[in-house]
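Naming follows writing order (A, B, C, D and E), and every chain is counted from residue 1.
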């Protein structure tokens, strides 16, 4: 029980990261790789937020009337994740754009066949 | 005193204005990078006296570190900012005429932002901020590598993107772990508290960050993207990527190892890794028949050399490594720039098709020759002082392993000499093949190449000038305690 | 072989992570940084939403970088796709009437909602990025509904430039007007919790919201392809 | 509460694994969209409403949309 | 500015100016180059007898760079400039109708300037810098002729880089150990270093100088380079540039390490450094000389002699008595004179025959090109060491040293080398200038004036130094004394030693008598008869010229006998090594497979391997 309590989020976060990595390592299709990247980034975001969590803390937003003295979770990871999400979507959009162009050139997105540049 | 933050803010603002400028008049946008980099260069020169007295700490938003983000403008940061501005200026002059097709305004925007990203990495004193600037650097280089939109460019760009994203993710995981352990993101703050934590725990985040930054720095097992990307990009971008992007990556690695973690146990391993990178890079370059791919592999080799120099971690070798940074930026920049027009003229990247170019494009061939001589480390070009300092420092430091590694480094120099001289011979001493377009390098490109050649010669003949500054940059890099003291 | 190696690599990574996590317990105490921000955030920046005060106040420079990243992505995608677009615009099947009407009806509402999100970024959850994304999804709806409607290029360019420049210029104004630091607040902070409070933060968030909205729309636009 | 979390995490991981295995890219995208959505809920449970909003609007909605656009322009099935 | 600085500045500025002048007019450029070289000769001559040191540059990494001049520097500088000037004159007509004359002249001047820099350097840093400039400009000149020259140049520069890198390590180590690179300071400090360190140092520098001087296992670059370089430059290359290795050896052995320390380590059973060097010298004499015999390319034949004669210098120098040292240095000078002469003669022949230097297809040119013939004759006389030519004196001194020093095997090796020399250079002289003139060379004209002048000057010098060896030996004696060895008993006519005196007057008398006797003998007994080439000797069939011209396949039986033993083993070895490295490189680059998942795997493998090591062994 305590194990779950302590580690459920971490398991989720790193589970996502590892599954994302496995997708990148074992799948061949470019879109699949991009999905893997997105899953991995979600996992990382989850990990960051989980680091900042404080037991029984509240969201770091002050209501209009005071609210002083309440325990609030760490706002820093949240700010970081906000940035990371945007960066992630920027990278993935770029990747998708390239995938579209690449498909135009090669007619396939199987990375096993897209290896003209080697050695 | 001028505020160093302008080094980032002004080019960024200029890049933001390009879309509107492009809408109004299409011809001005290509001058924006020139203006931005010229501004940066002037600013860097004006900052030199202040920085030599002591590092300038910029508290962004007016919040004291570690609560706000701070820029740490020490001699090292300023050195990189100046180098980026100088190389960026020369290469942007070159691109004035080199880039003539495609969405030009977007090229120039991305180009400025790439340099802004690099400058930001060099100046920032905050881990997450480092990550953000790295992303600016990387994403703009993904786009620029694919700028030509040809098969090779897209293929290499997408591979670069995937590896780069995995690297960035690893970096972010590492940063997250560090935040979990220390509860802060400020480099100086972490460096201060690093001694109070069990060293074993720190190792995993360090390795994650090393792996992530290693992708950008092209350290051996992580550098597979480099030959593809650098050889497929437009030549001006290859020059920036080789001359600036990977060097900034290596700077970040050094910053982590020296300042943030301050662990000396790994130095020997890093020196070994550097020599391995050097060996692999030079050996692969030796086996290439495609000139840009050869230059790209040679960049891997140079990164290995510099990593070795930094990892030996004596004052002299670090100075030498920084000197090699300068030399590599100028020489590899010059090589890529000249190769750009050689390829343009001959219509092929094969070395065999460049035969006889010495007669058809004398200036460009001369530039290539100077660049390759300098990179091999022959006097009186800029490569020699750097190599001399590295060898001298490594031997001074002594130790069997280091001496053996130094020997390997020099063996690699011979290999490097062999393949560069082969190209020089092809340019001048082999019978030419006619064909290709009949165009000479235009004035802007010639100006850029002549400027770089003069810089290389000047540095080779009077290294003292750079060395005095680099020595304080080296002590800036190695002095973690001073770093902490000046920030907090 | 490859599968086994991958699994082994991932397993070792997991093992390494576990060793670190032993020292970083879940739900532990707030970090020094976090507690400082929670305690002083309102006084320092005037924003009731501490995340916003971190995003735009303490770590405002990160956000400038973040905006730049998005800008780079939009510009880069444009360079990548618009440049390579040689084929003529593809013929698209007309959307159904329900979709068209629905999107026309919903679009202003979504726009308004997005605007609400970023204007109130310093008070309630949300901010420029979320608001911008919502605006972009509104545009997505328009694309789905009436296939040939596109964002005006001049408008897009002006908003992109305007948003970015606002951010940078506000920062520079902070450099000259207040405290000699880039991005320093130079406007009155007001009372935390009111709409007109927190100095430059709402202005920046509005700029970001518009800019992000336009850029994300541009991203979708580029990916859809076949325009103009 | 704890069981809710455990359940969500399980579903999220299952969706991620499904995204790994699906040959139909569209299904994989939907699976990854589910991952994002659940992640967004977990963010909310972890007292991060800002992030939850961002993840929902950007990660789940926008990213899925552009993935689908890309799939439409390249091809639906992994060969 | 002091004299040395002026000379160096003039040399480098001259090179630069030549390029600019050559851009406008190649004739003017060549003329200017010769003028610069002559002026430099005069300037160096003025420097005679000066000994001083001057710091000329402080801008290099905090290490002052200095120039110095003493008898050793002056001797080498003088030889360098004179030979370079003569080569410059020679090249006036040689390069006349070729492309890129301006480039050639510039590089020639640059090489010359760099050589002057090497000999005048007062510290090892400037030594190294000039050395490297010399190396790469030489590389450009060797490649100049294209074709095979490209490969020769690459071989040269790679081996040269090996040497430079060894030297760089040596310099770095010296700087680390003693904190200075000034040669004068080091010569005080090095003797205090331990024997092991000294040995490492000598080894490192020995590799560098050994490669430049083509000592036996490191010689493989030389035949190709000499053969393929343009003839005027081959003259410079063979005359002085290669001998910079000797200069380096002198510098490191005698100036820096100190003669006393290096040479005499009494009671040691381990062969000392100089003994090893002497044996290498002996091997270098014997093997290349016989390989030379096998060559059918005139320049290649001379090139192998270049290696072999280098062995004499090493032998004399390494043996290290005053006489041997003087012999070695004197042989350096003599060798420079006659090998330059020989290459010029070959160059003249090449110039007139359209680049032919194959010994099997030439012949009988003596009558057509008398001056070149005289040059070649004097050259081979010097090379063999015929009495009254300069080679005789220096070889005599070396033999004398070896015999007196109790090294009969070395002396025997040197003697064998001389026999081989006689055989092979006779082949050279005969196949080019004597025998039948192939009909296609009936219309060959005599060599142009600008080629005749240096050939005649050098021929005269061979006789002059052979008859009056005291002229250069006085200077060399000064060098020997400056190394701390006892002075030699030198007179204008010869040299005295404890086992006999060399007096060229007596020799001259003896030789004159001998020649008269032989001449009378020949006159009385030998009446040769002229036979037409188209006589009925072949029974009316057409004579296959190449086979029956008796210059073809000279020494063929001898070849068959000895050639199996004379393979250039080291060249094969190095070629194999280069090929091995090449295929290794090909293999290494296969790790970049082009498959992106593998690349990601590399990244993750690095991270996980590190973590694995950390978790398992915990070394950090």
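The definition used in the following text is that contacts are C-beta pairs under 8 Å (C-beta built on N, C-alpha and C of every residue); 3 or more make two chains touch, one makes a residue touch a chain.
No experiment lies behind these values; they were computed from the predicted model shown.
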item: Any chain in contact with subunit A as well as subunit E; value: B, C
item: Identity of the most central chain, Cα criterion; value: B
item: Distance between the centres, which are taken as Cα means, of subunit D and subunit B, whole angstrom; value: 37
item: Centroid distance [mean C-alpha coordinates] between subunit C and subunit A, Å; value: 16
item: Between subunit B and subunit C, centroid-to-centroid distance (C-alpha), Å; value: 30
item: Centroid spacing, where centroids are CA-atom means, of subunit C and subunit D in whole angstrom; value: 19
item: Overlap residues in subunit E, where contacts from two or more other chains coincide; value: 589, 592, 596, 600-601, 604-605, 607, 611, 614
item: Sites on subunit C at which at least two other chains make contact; value: 6, 9-10, 13, 16-17, 19, 24, 30-31, 33-34, 37, 49, 51, 59, 62, 65-66, 69, 72-73, 76-77, 80, 84, 125, 127, 129, 219, 223, 225
item: Per-residue overlap in subunit B, given as positions that touch at least 2 other chains; value: 128, 132, 135, 139, 142-143, 146, 149, 158-159, 162, 166, 173, 179-180, 185, 200, 204, 207, 227, 284, 287
item: Pairs of chains in contact (touch as defined earlier), listed by label; value: A-B, A-C, A-D, A-E, B-C, B-E, C-D, C-E
item: Sites on subunit B touched by subunit C in the complex; value: 3, 5, 9, 12-13, 15-20, 22-23, 58-63, 66-69, 102-103, 106-107, 109-110, 113, 116-117, 120, 126, 128-129, 132-133, 135-136, 139-140, 142-144, 146-147, 149, 173, 177, 179-185, 198, 200-201, 204-205, 207
item: Residues of subunit C that touch subunit D when the two form their complex; value: 49, 51-52, 117, 125-127, 129-130, 133-134, 136-137, 140, 216, 219-220, 223-225
item: Sites on subunit D touched by subunit A in the complex; value: 2, 5-6, 8-9, 12-13, 16-17, 19-20, 25, 28-29, 32, 35-36, 39, 42-43, 46-51, 54-55, 58-59, 62-63, 66-67, 69-71, 73-75, 78-79
item: Subunit B - residues contacting subunit E, complex; value: 158-159, 162-163, 166-167, 170, 199-200, 203-204, 207-208, 210-211, 214-215, 221-222, 224-225, 227, 263, 265-266, 280, 283-284, 286-288, 297, 373, 376, 378-380, 384-385, 387-389, 391-392, 394-396, 398, 406-407, 410-411, 413-415, 417-418, 421-422, 425, 428-431, 461-465, 467
item: In the complex, subunit A residues that touch subunit D; value: 1, 4-5, 8-9, 11-12, 15-16, 19-20, 22-23, 26-29, 31-32, 34-36, 38-39, 42, 45-46, 49-50, 52-53, 57-61, 72-73, 78, 81-82, 85-86, 88-89, 92-93, 96-97, 99-100, 103, 108-110
